[in-house]
Every structure is written in structure tokens, then in C-alpha cells.
Amino acid sequence: MEADKNTVVPGRLAVDLCGLVLKNPVMTASGTFGYGEEYAPFCDLNRLGAIVVKGLSLEPRAGNPPPRIMETRCGMLNAVGLQNVGVRAFIAKKLPFLRQFNVAVIANIFGETIDEYRRVTEILTHAAGVNAIEVNISCPNVKKGGVAFGAHPDAAASVTEAVRGETDLPVIVKLTPNVTDITEIAQAVESAGADAVSLINTLTGMSVDIERRRPHLANVTGGLSGPAVKPVALRMVWQVIRSVKIPVIGIGGISTAADALEFLITGASAVQIGTANFIHPAATMEIIDGIEDYMIRHRIGCMQDLLGSLQTDG
Amino acid sequence: MAEKPSIAIGQVMENRSVAPGHFLLTIRLPLSFATPIPGQFVMIRDPDRDEPLLPRPISVYGFQREDGHAILNLLCRVAGRGTSLFSRLNSGSTLTVLGPLGRGFTIDPDVRQILLVAGGVGAAPLAFLLQECVFSKPHSAKRQVTAYLGAGTAELLTGLNRFEGFCNLRTATDDGSCGYHGNVTEMLALDLGEYDAKSTLILACGPMAMIRSLDLLLRDTRIRCQVSLEERMACGVGACLGCVVAIKEGEGRNGYRRVCHDGPVFDIGEIHWNPPVEG
Amino acid sequence: MEADKNTVVPGRLAVDLCGLVLKNPVMTASGTFGYGEEYAPFCDLNRLGAIVVKGLSLEPRAGNPPPRIMETRCGMLNAVGLQNVGVRAFIAKKLPFLRQFNVAVIANIFGETIDEYRRVTEILTHAAGVNAIEVNISCPNVKKGGVAFGAHPDAAASVTEAVRGETDLPVIVKLTPNVTDITEIAQAVESAGADAVSLINTLTGMSVDIERRRPHLANVTGGLSGPAVKPVALRMVWQVIRSVKIPVIGIGGISTAADALEFLITGASAVQIGTANFIHPAATMEIIDGIEDYMIRHRIGCMQDLLGSLQTDG
Amino acid sequence: MAEKPSIAIGQVMENRSVAPGHFLLTIRLPLSFATPIPGQFVMIRDPDRDEPLLPRPISVYGFQREDGHAILNLLCRVAGRGTSLFSRLNSGSTLTVLGPLGRGFTIDPDVRQILLVAGGVGAAPLAFLLQECVFSKPHSAKRQVTAYLGAGTAELLTGLNRFEGFCNLRTATDDGSCGYHGNVTEMLALDLGEYDAKSTLILACGPMAMIRSLDLLLRDTRIRCQVSLEERMACGVGACLGCVVAIKEGEGRNGYRRVCHDGPVFDIGEIHWNPPVEG
């Protein structure tokens, strides 16, 4: 084991996430950290709690035509369209790089049919070096006419069951915020065997170029992420924490240690950093340091004493 | 080989308006900042502001090491809100500079004649290339360099001083206020027959319409041509897949490649124009 | 009629909103412009397209305990809790002030029961000087355990029918964005007789004071508004425009003329300005001027040529 | 009578650090800016930034008219992100200033003795009140003014120079480094018996804990007391209903009143402490 910064106070930042012991609760969010290698020049990957890789499908996907991204006030829209190398190329070409580091690797997966989710899970389970599966259920369910699996409790539960049946790895289900009642979906996937839930994925948004009178994105709509969405994400995390027993991973607009602490104090067991990596490539490093500084300043000896320590009246 | 990029805290030494809507930033960086290859770019951001939230890609226009610092020059055009805010940065203010990034221009050993073709602020990476050719690499003196620079008006022919005296120079303006009256590709077309296809290399940077007409012009020739492309970026390092262009992958297959990581410099023949990349 | 700026090119900015002819498509959003008088020192109220007043209930309401507001990145949370003077005091004390101006007055209303909506509507319909009713269905439906009327198509339709049955004034139904499918709700209120829909109300959010480890708002959660939410609002407006035939009023994060133009080009018949009034009290004036400047610059002679002129591929 | 407020574009003439975490802004405004009444405040915002998004309320600390301009002084404490950004404003930068806003202090004609009670930066509106009493209104010279100023340390007794020589002055510091060792209410308690309840008026501004203990101290006396309250604000003009405090409305009824519009100055007896206003 390397004598890295985290081991100065051994385990102060350590968290146990459904059996997966992480050095600290700070992970990278899927789609915002590539396959790790892109950020290796700027971050010490060994210091991360976990790396969640870009969403993987059974076959490689080309994704949407450009323009794919647009900045909005304190946020960004993306319509990458789940471009990825496919699960087999990931295992052959990307995983060996990640295995060099002492960091948990979480494979984010998606499919257009339940069977696709099942097969991607099967392949990943047999590949050494994947520590958990994160199931993205925000993508269109082709059978249900393109509505996201994550928008309906039954569909979300079916995907979860299928993945659960295929692997012994921890299964994290990633929820979409574009729903009336996220607790309903969280409870459905908990019952279906999810070990944890992570939220939020992006909020659907849109932006128009008034000079050309066209949408900024070729896809018209895209997913909103970044600091703008943090209040919505935190509210949903708070709601879900109070409605399920499995751990909740907080995602959405986290760009500073203070942001991460809001989620942890609210009761998230870990956090994922997404758009902030683009804004500042060493964001994760500063967030890890900042959480530790806060705990020292507030004399909090371990994560258990921090997590969920929010006080509300009544 | 490209050196390893880093995130550096830069200090604005000078921010000078060079033409209406165009400014030249001179940024002091730590000496450890890697030496950029012409065609590479940096991502810059004001760390004290939420706007622009994402860093913006700007090509390296000049780079030197001086008095224990690295000095970076960027030539910028005000295109929107982000560049407008940058244009108002005072000297002394802080910028984060991520880079150098991307794949720059590559000049094969058999190249004898280099043609630089720029539209507007696209002159920036080519000026840096010329600087490197002229000052850093004595051998390359054997190569002829001719620059074709185009802009809307004489005033907007920014960076001209970095070309004058260092290479053959042809200018074109849309309004005819300086040099050829018309666009830069038309002007190049008139000269093209004079160059030996086998030993000539065109390096181009400019608006998509210029690149497109250059592609049409060169289609029937065998002249090699590398172009620097632009696309909206978020990460600049290949992670977000936001900045793609459609590229012919051979055997009739096409795919998206990242401008920030696989480019910004591509062979012009690789670009898949149909469906058009933008608009 | 005063020879104000708008009449330089007569009617260039005029819009017809379900029979209500407005000088221009710029209104103030409910709860962000008081009863008009608060902003009279900073704005020429005669220049506004319409003023939508703070939500009115049958009886006065005290609202939530403070702290009620918190700034977030490019946005704000509020949990005012619908404090208001009550519909009768509005008519007696606030409406006479507004009647002095040559501006359409839209009364925003809410209730905890359908009957309350009906009675508020009845009272307003008999008071001279109200030009339309905007029905806020984002407030908790006490009968359904506090879930918003606006979260379910049937409940939304029932409220709309009740209000419709009570008045000849144009009825605008204001939709909540905290739903899986806003087009479903929009269609339900259209069928129930709404003359127009306005959207979005606030997105539910939360924020935590990490030093005190308490929520920033006494109410824990609040409504997110301001520039941060604009992409979500525009996306929903776009969706609703394509699914109903009645006019759509765009609301959410509009703070410049360019923002307003994004909604108008997408097809909103008018826009409402909310949080931007707090940021800059003369925001509405600058937005009206900016829309006119844009139309002149783009040689667009009337609103009809601007509204819905967005081009998308296929 | 309060004059009509406006939105003005101000220019920072000076931004001076006066103690750790405290700074004094001097802002030039158009002459048309209305004359503030002591206790009134302004909402300030950097129009070029998204952060802080909402303007921040700051009490008027000084106001004069000079050379065709109005000059506004604000004494500020760095409390969070917004005030931290203001503390870094350079002279020459632009601020929008909305004001003057709210209901200031009211001094009844029968008042002979004014006691100013301030905690920390709460001294700001009281310093302005003293300035107005001393300089603007010759009649008020008949009134005795005594200031009780408290702060954490001697260093943090900002604005002292605006009191020294213009009134009787008592200081208190938590660490005893200047004046009374303890908090300002304790110090006042020692003197309170000396004042004639009927002709004395206390004007106070400071942290909620100070106001609370002042309320307890005065409960058994008949001394009039007006306090300036603070609450988070969005609009500052009474429109958003964001900034309320619980107020006793008589007959056992309570209600929320807007600090920005119905205050910030309230009679201390009006405040409804249970449930506490904050925390």
C-alpha cells in the first residue's frame, strides 16, 4: 500500500458501500471521467474512492451527431447519446490500464432491452477487475416506445432483477430525476435486489440559438448537469434516503468539498463528481482534501459520524 | 512527441486589443508548463467566476521561456459570452490554463513547400508553427513557407506581423481593403498550379466554410492538407465525448472522433462532410 | 392611450393571448413582483404586457417560518409558503392601485381544496379589473395527502373544470415541472377547458448549511428558480407546445431578452419574468426593449412571425 | 419622509480593508440618488457576475454629496461568498446600488438621551445616524448621545473613528483587549440605571444573540428601543416575502413582517421570539 495522503489518519475517510470498502466517498461520475486514463495527467487515480467508467453497451455505439454540448448558466447540456467502445473493447483495451491503480472500478452499463443489460452484466462479471456494476436506467426503453426504463417502477424493477440475477458484484441502480416521485422508483429497485442507488442522472433540458433560430444541440434536447442542478439532486437524495434502507450515492452539481459535504451530511454514503471534472480537472483531489479538512476542523473522527448528521426540526 | 499536459495557474501579463473584437492575451505560466507543438491548444478559465463555467479552447499563438517563466500568447476573437469576458480581463488577473492539449500539425520529412492557409483568427496556430519553423528548427530553413491569410477587412488581418518577413505572404480580404479581393481559398486556387503536389503540404485553420471549400479545391489534386477543426468542448482531454466530428474510417464506415484528443488537426480527406458536421 | 415606446411601431410586439390582447409578451411571474406597487419606483408598469400578482387564497395566509430563501448557484430556493393577504383584501387594498395603470392584471390563485379554487375564482370574477385567472396547481392537495394537484392529470383537470365553470375570464393553468410527463398534465387541463397553460413553476430543491448541519430553509425543501432552471423550463415548454393547441406561456429563469427570445422562438405565446426582478428590478423593461431591438435587427415585423419560428431537422 | 428609491450604477472609488475580514466601500453614485435615512439600507450587486446572483443588503454607513456626485460608504464584514467577492472589488469597478430601502430609525421629539448599541459591524447604521445627528440637524445637539460598541477584539471595533469625539463612547470586547471585558449588553446593563427611562431611546444593531439579550435586559424597564434586524433577502423591496420576521400583532396574534419593507428597524417589543426567528 502506498503511503498516500489518505493514510495519514488511517481510515478517517473510509466508507463501506454495500460491502465495497472505499478509501473515501469520492467517485467520478459516469461519462465525465472517460475510462480514467484521460485524467491521469491531472489526478492521482490512486487517491479516488472509485472510478465509474463511461456507460457501456453490448456493442459499440456511435452516439449522436454534433453539436453535442452547450453551456448554460452554471450548467451544461449534453446529448452524447451514449457513444462508447462496447463492453468487450472496454475489457480488452481500457480495463488493463485501470487495473494498474489501487482504486475501485465501477462499470456503468445500459441497454435498450432487458436482455442487453443482462448480457453486458454477464460479460463484466467474468472479467477480473470490475468491483461493482452501476445500472443506468435513464436510457430509452425501445420496447416501451423510447420512454426511459427509469421512469416507471415496474420497468426499473425488471432491469434490476435481470442484472441482479446475473452477478454477485454489488449492483448500484442509477436513477433519473425526470420523474414525479423518485422514491417510488428507488423502492422498486430496492425490492428487486439493488444493493445501492445512485442519483441523479441529468435533468432533460434544451437551449436555443436565437441568431440561427435552431436548437443548440443537434439532438434538440440534452441532459442538464453541473452546479445548477445541485439543489434538485440534494432534495431527491434526501427524499430517497428517507424511503429506502440501501445506501444512496449522491450525484449532481457537486464541485467543491462543501457541495460534497451537503450530500454526506444529508446521508449519502458516497458522492460522484461529474461536470466539475471538466471545469477543473483536479476537482476530485481538492474535494477529498476539503472533506478531510472539514472533518479535522469539526473533530469528526470517522465517516459514520458525519454521514446523515443533518438535524431538522421535527 | 507531445509532452505531458498540466493544469497551471497563469497570470495575465497583458491583454491588448488588436482589432475590433480581437485581443491578444499574454499569460505568464510556471516554467514546468510543457512546450506546445504547433496546432495544440489550451483550455482557459477564470477560476474566480462561474461564467464561463467550462474552460474555452484557444490555440497556442506563441510560446517562449523567459526569466524563469513560460510565456504563452493567445490570439482571440470575441465570439460569445466567454470570450467577451476574457477580453475584459485586466493584467494581473489569474487564469487556469490546461494544456498543451490535442494533436498538432505533423510535417513529414519530404515536405519542401509549406502553404499556410488561414481565415481570420485561424492564423493563430499557423503563426506559432511559423515561429517554431523559423526560430527553433534550423533544418527546416530548407523548406519554403508561403502564408495565405484571409479576413473580412484589412483591420481584421490580425497577427500579420508574425508572418511578415518570415515567409512569403499573400493576403485576401472580403472587402478588398488589403490584397486579393475575395476569400482566401479563391486566392489560393489561382496559385495552386505553381506548387509541386508531391512535396507540398497545406496546413489550414479557419471557419468551417473555408475548410469545406478547401476540400473541394484539393479534391482533384494530390496535395496533402492538414486542417485544424473546431467544435464545442467541455473537458478538452477526451473524456466527455462532446467535441466530435464525423470522420471516414475507411471501408465506407464512419465514426465520430474527438477534436480535442484525436485532433484538432486532421487530414482534410478524413472529414466526413455528409451529413455536414454543423448546420 | 399614452405614446409610450411600444407604440413607435404600432403593435410590433402585440400578442393575442386567448382573447387578451397584450402590448407585448412580457409579464411578471406570480410571487416575484408583489402586487405591482413594490416595483413601481423602478419600472413603468404601463409598459408591461401583464402583471401576474402573488398567489391568492380565500383567506389570508401567514406562510412558512423563516429562513425562507437561499441563494444557490445561478438560482434561488424559496419556501415562502404562499403567504398572502387573501382574495378579499387583494380586491379592497391592492387592485385599486393596479387599476390606475394601463396594464392587464392576471390573478394567480390557489387552494387546498377544489372548492377553495372555485370560491376564489367566483370572488375575482365579480371584482372589476382582473383580466384573467392563472391557476397555480403546484400546491398541496390536502385531500390527496399533500401531493400537488398538478402532479396528476385527473386532479389537474378537476381543478381546471371547477375554475372554468365559475368564470368567463380567460383561465390559464400553471403547471409544475416536478412530474414525469408534463404533456400529460397539459393535455388534461386543455381538455378540461383551460384557455392557456403557463410553465414552469419551481423545481423542488434543497440546500444544507454545512457549518450548522441544518437545512438552510426552515421548511427543509423549497422551490428552485432563476437562470439555473431555464434549460429545463424551455425543454418542457417545447414539449407542451407540441402536444396542445392552446397558447403556452413560458416561465423559468428568463433574465435577458435573449432568454425570452429562446422561449418565443420555440413557440411560447408570452413569457413571465420571475427571479430576474430580484436580480435587477428593471429587468422587464430591458427585456421588452431587447425583444424589440432583436425584431428590428432581424426585420421581423410582428410577433406572429417570431413565435414558433424554431427550425429543427426532421 | 423617505425619498423615492432608484437603481443606480455606482462606481467603486475605494475599497479598503479596515480590520481582518472587514472592508469599507466608497461608492460614487449619481447626484439623483435619494438621501438615505439612518437605518435604511441599499442592495448591492456586481452586474458583471452571476455570483452573487441576488443583490446583498448593506446598511448605509455614510452618505454625502460632493462635486456633483453622491458618495456612499458601506462598512462590510465578510460573511460568505457574496461579501467575499465584494471585498475583492477593485476601485473603478461597477456596482448596481438599489436604494435607499426600508424604514429607518425614528427619533421622537421628546427624546433627550440616545443610546447607540452595536455589535460588530452593526455599528454601521448607528455611525450614519450619529453623523446625521451631529452634522445635519443643529437642533438635535440638545440630545445627549452615548454609544456602546462591542466586538470580538479591539481590532474588530471597526468604525470607531466615526464615534470618537462625536459622542460619549463605551467599548466592550469579548477578549478584553479594549474597554469592558465582556459583551456589549452586559456593559450597558451596568449603566442602565443612570438613564431616565422616559426620555431615553436605545437604537441597536448587531447579531441576533445581542438583540435577544437586549430584549431580556429591557423587558422590565420602560426604555424605548428600536433594533435593526437582519434576514436573508432576495428583492429588498417587499415583493418576494422572503425576509420575514415573526412580529406580535397585538391581541395575541402574530404574523410575519418583511424586514426589507416593514423594517429593518422594529421596536424591540414587537419581535416574537417564540418560536425563535432563526435557529
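Just so it is clear, A, B, C and D label the chains in written order, and each chain counts residues from 1 on its own.
Rule of thumb we're sticking to: a residue touches a chain if its C-beta (ideal position, glycine included) is under 8 Å from a C-beta of that chain, and two chains touch if they have at least 3 such contacts.
On a predicted model such as this, the values are computed, not experimentally measured, just so you know.
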Quiz item: Which other chains touch chain A while also touching chain D?
Solution: B, C
Quiz prompt | CA centroid of chain A to CA centroid of chain C, Å | solution = 34
Quiz item: How far is the middle of chain B from the middle of chain D, if each middle is the mean of its Cα atoms, in Å?
Solution: 56
Exercise. Specify, in ascending order, the residues of chain B that touch 2 or more different other chains.
Key: 50-51
Exercise. Hunt down the residues of chain A that sit against at least two other chains at once, touch-wise.
Key: 73-75, 214, 227
Quiz item: Connecting every touching chain pair, does the picture come out as line, ring, star, complete or other?
Solution: ring
Quiz prompt | Chains that touch, pairwise | solution = A-B, A-C, B-D, C-D
Quiz prompt | Of all residues in chain C, those that touch chain A in their complex | solution = 72-75, 77, 151, 178-181, 203-208, 210, 213-215, 218, 220-221, 224, 227-232, 234-235, 238, 253, 258, 261-262, 265-266, 294, 309-313
Practice problem: In the complex, go through chain D and note every residue touching chain C. | Solution: 4-7, 45, 47, 50-55, 82, 96, 98, 231-246, 254-256, 261, 275, 277-279
Quiz item: Tell me, which parts of chain D touch chain B in their complex?
Solution: 48-51, 85, 88, 90
Quiz item: Given the complex with chain B, which residues does chain A contribute to the contact?
Solution: 31-34, 38-39, 41-42, 54, 62-63, 65-71, 73-76, 78, 80, 83, 212, 214, 226-227, 275, 277-282
